[in-house]
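Down below is the structure, laid out as structure tokens.
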Amino acid sequence: MNAGLGDAADIAGILASLIVVAAMLIWVERRLLAVWQDRLGPNRVGPLGLMQVVADMIKMFFKEDWIPPFADKAVFVLAPTIVFITMLTGFAVVPFAPGVGIIDFNFGLLYFLAMSSLSVYSVVLAGYASGNKYSLLGGLRAAAQTVSYEVFMGISIMGVVMLAGTFNLREIVEAQRGGWFIIPQFLGFIIFLIAVVAESRRTPLDLPEAEQELVAGFHTEYSGMKFGMFFVGEYLAITLSSAMIVTLFFGGWLGPWLPPLLWFCLKTAVGIMFFILLRGSLPRPRYDQLMAFGWKVLLPAALVNLLATGAVVLSLQG
Amino acid sequence: MLICLLQLGAFIAWFFGCWRPGAPRWVAIVVLTLEALLLIFPYRAVESIGSLPSAWFGYFYVPWIPRFGIEFYLAMDGFSLLLITLTVVLGFIAVSSSWAEIKHRQGFFYFNLLSCLAGTVGVFMAIDLFLFFFFWELMIIPMYFLISIWGHEDRTYAAIKFFIFTQVSSLLMLLAIVALVLIHREATGVYSFGYFELLNTGLSPEAAFWLMLGFFIAFTVKLPALPFHTWLPDAHTQAPTGGSVILAGVMLKTGAYGLLRFVVPLFPDAAHQFAPVAMAMGAIGVLYAAVMAFAQSDLKRLIAYTSVSHMGFILIGVFSWNGAALQGAVITMLAHGVSAAALFMIAGILQKRLHTREIGNMGGLWSVVPGLSAVTLFFALASLGLPGLGNFIGEFLVLQGAFGVNRILTAAAALVLVLSPLYALGMMQKGFYGPCSRHDFLPGFNRREWATLGLLVFISVWLGLSPQAVLNVSAPAMQSAMEVAER
Amino acid sequence: MNINQFIALAPLTALAGTAIAVMIGIAAWRNFVLSCAIAAVGIVLSLAALGSVWPGTPVQASPLMLIDVYALFYIALLLSAGLAVLGFCYDYFKDRDGENEELPLLLLTALLGASVLAASTHFASFFIGLELLSISLFVLIGYPLNQAQALEAAIKYLILSGVSSAFLLMGIALIYAQSGELYFRGIEGYIASRDDINAMVFSGVLLVMAGLGFKLSLIPFHLWTPDVYQGAPAPISGFIATVSKGAVFVLLLRYFVSTDSYAYTPLLNVFSVMAALSILGGNLLALLQNNVKRLLAYSSIAHMGYLLVAFIAGGSVSSVLIVEPVAFYLLAYFITTIGAFGVVSVLSSPQAEADDLAFYRGLFWRRPWLAAIFTLMLLSLAGIPLTVGFIGKFYIFTGAADGGLWGLLLAVIVGSGLGLYYYLRIIVVMSMDAETVKTGFTQDWLSNVLLTVLTILLVWLGIYPSLLVNIIQSVSYDGMA
Amino acid sequence: MSEISIEQGLLLSAALFVLGLIGVLARRNLIMILMAMEVMFNAAGLAFIVAGSRWGQADGQIMFLLILTLAAAEVGVGLGLVLQIFRRFHTLDADSLNGMRG
Amino acid sequence: MQSSEAILANDLFQLIIYFCVVTAMTVVMLGGAYLLGQRHRSKTVDEPFESGIVAAGDAHIRFSVQFYLLAIFFVIFDMESVFLFAWAVALQEAGWLGFIEAAVFIGVLLTALMYLWLIGALDWRTCRQRIDSCNRRSTEERCIGL
């Protein structure tokens, strides 16, 4: 089962496709939002505006590499790289398909959780290092929000772990041959979904960078490639989240007729679309509502879900 | 019985003190009278002593802490009876001398006074070593309060010094007791703190020596013998008169009692070996204290040093360990108790009237208060050992007994007979004769004081003229003690 | 896990349940009286549960905890102490500003930790109990947030306690690495199977002992004690001095007996040095203090030294005397120390903590009963007859003399002499004439009742200790067989 | 890749432990002291993991979990206190906390 | 641990390689931008952006105690969830006894959460928002809490 994992081809292929996907997502999102809002979106550069991505890339490379004089310089540079690296390394455990992926890790799920919690550092550090009040507030908000939702993000997927009896993501996928876990774990799925949205600070839960209040939150002072890294990091986070949702709840690569890798990519793509749809359709809640919802509703719900799952699993087994 | 009465009285006195300031002293008098009446019973027993199998009578026995074989075990022989009598008598003296001196917090004062007496009586009666230690400590605490609350200017220092000296030394004793018990247990397999059981413990010479030393130090601190005496002048000087009376008259005797009752009988061999050292301590103490007394200008301090000197005699007597010396020690104890108490009382009276204890500030008192001066002279003479008074008998017997044991030391100690007139008469000379330095009117004794001192004079003379009555009471006890030691 | 084991854990369960109940109570209705009442009821329930568990012992309640007579006895002791402290806390805090409702909750968790310690036979439960206790204490010490000293004390205690916990953990890890056992019994087997003492195990044991030394404030590790005692609210200082130290000591004893560490002569030597240092150093430093709480802190260091003497004596005596003196002395120490701090806490007002010696001037005439009680407590600390402290000291003497520890006994004697001095100093100050004006006091009836009970216990056990001795004896025989 | 031996693991944890200890002793900022304490805890935790893997038992890891929890609680309380201290003293310098002497 | 040490080490080796590649890529991206980007200096650029208004005061403002509280809650609850992870994966082995224990654990956790909730520690509303809602509900006790 481990054969062929993590050789040079895998690494190169996965990395390349991730970058491409993340970059393309910029275009995809803009186009999709435009479609849903009855407008065109980027359509000038290249066919259907596809080359917009390349244009953006070039612009980023040639923009001024500016570090504010009032910033904490080392940390200021470090912050965006953290989100970028953690998100990319998070993909190491994603089971794209049998034989495709970086490693087969027994504690894959925990690894994923660890990586997503690490990413909070980038936001906090960025907010702190910028030396800007908006940034600081944004960073703090981001930290508080991420941290709050992180508590039950782990708990919400423990129902899946109970059903599968392992932290190994590939084994979890295999365990879904009898049926996707979304069915027994619907509540868990909902909680996890909300949690990952909050974790990746996507609209509607993007209060740390809410333009109307905080300009751009923690990355107010960022520009150029460092801003790009935050930007790409966010898309990577969406992709990673979708991949995890697919793996945990939608049977991963499993599916009839088509090759496993394709199934996986398709499902993930749908997940990503859903994220974009969320952005396009939902309003932003107030900050205290966001926090209260997390602590007072989702956390107890996750705990109850866990308990109920445990009881059911145990009683089914006699 | 006796102890309970006193302790109960103490509490009653305290409560009455809260209720009405004047009441406690009456309570104290009543309690002491009852106590004295109770003492008649044992004296009856003494008369029939010949028919009793042992020297002990008046047992009282309750198991206390069975885990360690500790018992609440009281008994009395002639020796302790005499000392208890002395205690009660001096209790009266102390109450009397405090009658007017103690003005504030009377309840608490008499509580402490009576507790102290209770502890002392307990010490004289305890046969269980643990119990003995218990009472030993018990009498110290009230005394500490007496000194520290009602004492004179340096009371805190004196009280703490007194307390720490006695406490540390008594911890040594406790250690020795415990070790003795453990050795006893090794031999017999049972815990026991009983005096009679422990008398038979077989000890290796080395162990015996160390244990003996533990007891010895505790008792000589209390006695006090030479190197450990420094607390005494302070404590005596600073204590209120009643406290001084108890302290000098009774408490010092507990040390002697302990030596006689425990050190020598429990460790006869070790004590025998140690005797020259102890006697040397005694002799040096006698001389040194006499010299020091001569050099004092503070009346109470002077009396305190005479106490040290007399206690040296007792030490010599006990360690000579023969009939005459022991009996001499007993008489000395009693006589000194009476004379020292009287002197302290006089000092207290003088201080109350003159507001000073400096001998140098007195002078010429004879002309002002002749009655008082005469009594003082009497006790000063008693203290220096005028034949016909109690102290003389005691010292004489001690020297006589000791002479057979160690001539040189006895001779040295006898020198004090030369020295003691020096200080006693020196005191009289400076304080009472000579030009009168003050001409204001000084009241003489009032009736209460006359009665008290008269009683003391009577006892002192009686001790001197017919010591045989006392000797008869204590003889069986001494006899049995010597038998024990020789076994 | 069968029903017996479950029942055996009832006292602990009751405590934990009460803690939760208090928490819910606070959430529902903030009321200090209510919190205290629930906590008190819980402790009493737990005590009652102890009584009902008693006949069925010993039960290995879980792999981690052994509920035997030994554990039950000490849990009862700890709980009673906790109850008393709770009472003092009630009076101490009832007139103070701030949210005092959580205080009983924290007391309960601390007690729970202490009880777990008393019953634990495994490093894991040992560690959990210790930390539960310590962490509750951090907050308890710093509870009066508006007082700078309390905060300072809390953070100091937190840091030093944290470091000591780290030492402890490292030590456990080393022992575990070498022996593969976390059970005390298992370690005994490991030690018994070896002739030589492995250097790593030895250093592990030393680290553990250093960690425990911190908690017990034995002398090289005592630096936190005076500051913490001074800064913490008076009842809490009493709590640290008794429950916290007592529980750790109980555990230390069990650990030593069940792993048979007495075979380690070098370890005993280390302990001997620590004991002697604690006795002499604690007493000497106490001489210099003018703050009553600080003074009591140093005196508690010395008392831990005394206790350690009895403990070391166990190494050379293979009789029940290993446990008995410790048990009795601990009990005596508990009664006395809680009483002493209780007096301080009664005297303290929301405006000022009554810890300056000058405050006690003339107390005898201002508040005679309180002063008399305090005097008795101090005399008991000094080990004067008529008080329970004397019997305790006597026990130690017996134990140590039995073990032939003459050098340490000498230290005890010297220490006691020094100790007398500063205890007497307080008494003297109290008996001095006061020129100070009378200050208004609130009549704290609960504290007064508690103090009276403690005093009666102190005198009763001091005069007639037989009953207690019998209990302790049965505990020692059955418990540590 | 060679196996990591137990001695190396323990040495590493010991080194970390000492580093943490030095941090606690040398640092003056309370937060830094708390962090150094964390290092000490985790060093001990690492030692447990190493030991557990030597004996092939889960006990070591369980202990590590317990340590983590403890550390969390300790830091929780510690931060709360530090916050209060900062409000009161306007400094986090450990040396300035010397209100009690004697 | 099902897999043997060797496989784990091999897997980790791949992870390390992957990590190195990712890091290298990041460095290249940043370095490229650094080399290629233009540079200029002007006074206004060197000021923090505050929506066009000249920046006032230090950026290191003191922020609400809520954030500290939250950090502490997180630390505690996240730690507690670790135990649940362990239970979840070992659900079968732990059996019903384990379930009961976990249930108790979760119960305590929920109680603690409720406690925090009721004392108002989880209330992120601003003072004014709270007063507004209080007026609406006309229950004033809740406001006094924190």
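When the chains are written out, they are named A, B, C, D and E in that same order, and each has its own residue count from 1.
The rule is simple: contacts are C-beta pairs under 8 Å (C-beta built on N, C-alpha and C of every residue); 3 or more make two chains touch, one makes a residue touch a chain.
Quick caveat, the model's predicted, so the values are computed rather than measured.
Using the contact threshold fixed earlier, the set of chains in contact with both chain A and chain C is E. Relative to chain B, the chain whose mean Cα position lies farthest away is A. Two chain pairs, A-E and D-E, are weighed by contacting C-beta pairs, with A-E ahead.
Taking the mean of all protein Cα atoms as the centre, the chain whose own Cα mean lies nearest is C. Of all chains, the one whose mean C-alpha position sits at the greatest distance from that of chain C is A. Separating the CA-averaged centres of chain A and chain D is a span of 32 Å. Distance between chain centres (mean CA atoms), chain C to chain D: 26 Å. Averaging C-alpha coordinates per chain places the centre of chain A 94 Å away from that of chain B.
Work out the mean CA point of chain B and of chain E, and you get 80 Å between them.
Residue positions of chain E touching 2 or more other chains, listed in rising order: 12, 71, 78, 117.
Listed for chain A are no residues, as none touches two or more other chains. Listed by label, the pairs of touching chains are A-E, B-C, C-D, C-E, D-E. Only residues 365, 379, 382, 384-386, 390, 394, 397-398, 401-402, 409, 412-414, 416-417, 420-421, 424-425, 427-428, 431, 464-466, 469-470, 473 of chain C touch chain B when the two sit together in their complex.
Residues of chain D that touch chain E in their complex: 1, 3, 65, 68-69, 72-73, 75-76, 79-80, 83.
Listing the residues of chain E that touch chain C in their complex gives 97, 108, 111-112, 114-115, 117-119.
The touching residues of chain D, counted against chain C in their complex, run 6, 10, 13-14, 17, 20-21, 24, 30, 33-34, 37, 40-41, 43-45, 47-48, 50-52, 54-55, 57, 59-60, 62-63, 66-67, 70, 73-74, 77-78, 81-82, 84-85, 88-89, 94, 97, 99-100, 102. Touching chain E in their complex are the following residues of chain C: 1, 20, 23-24, 26-28, 30.
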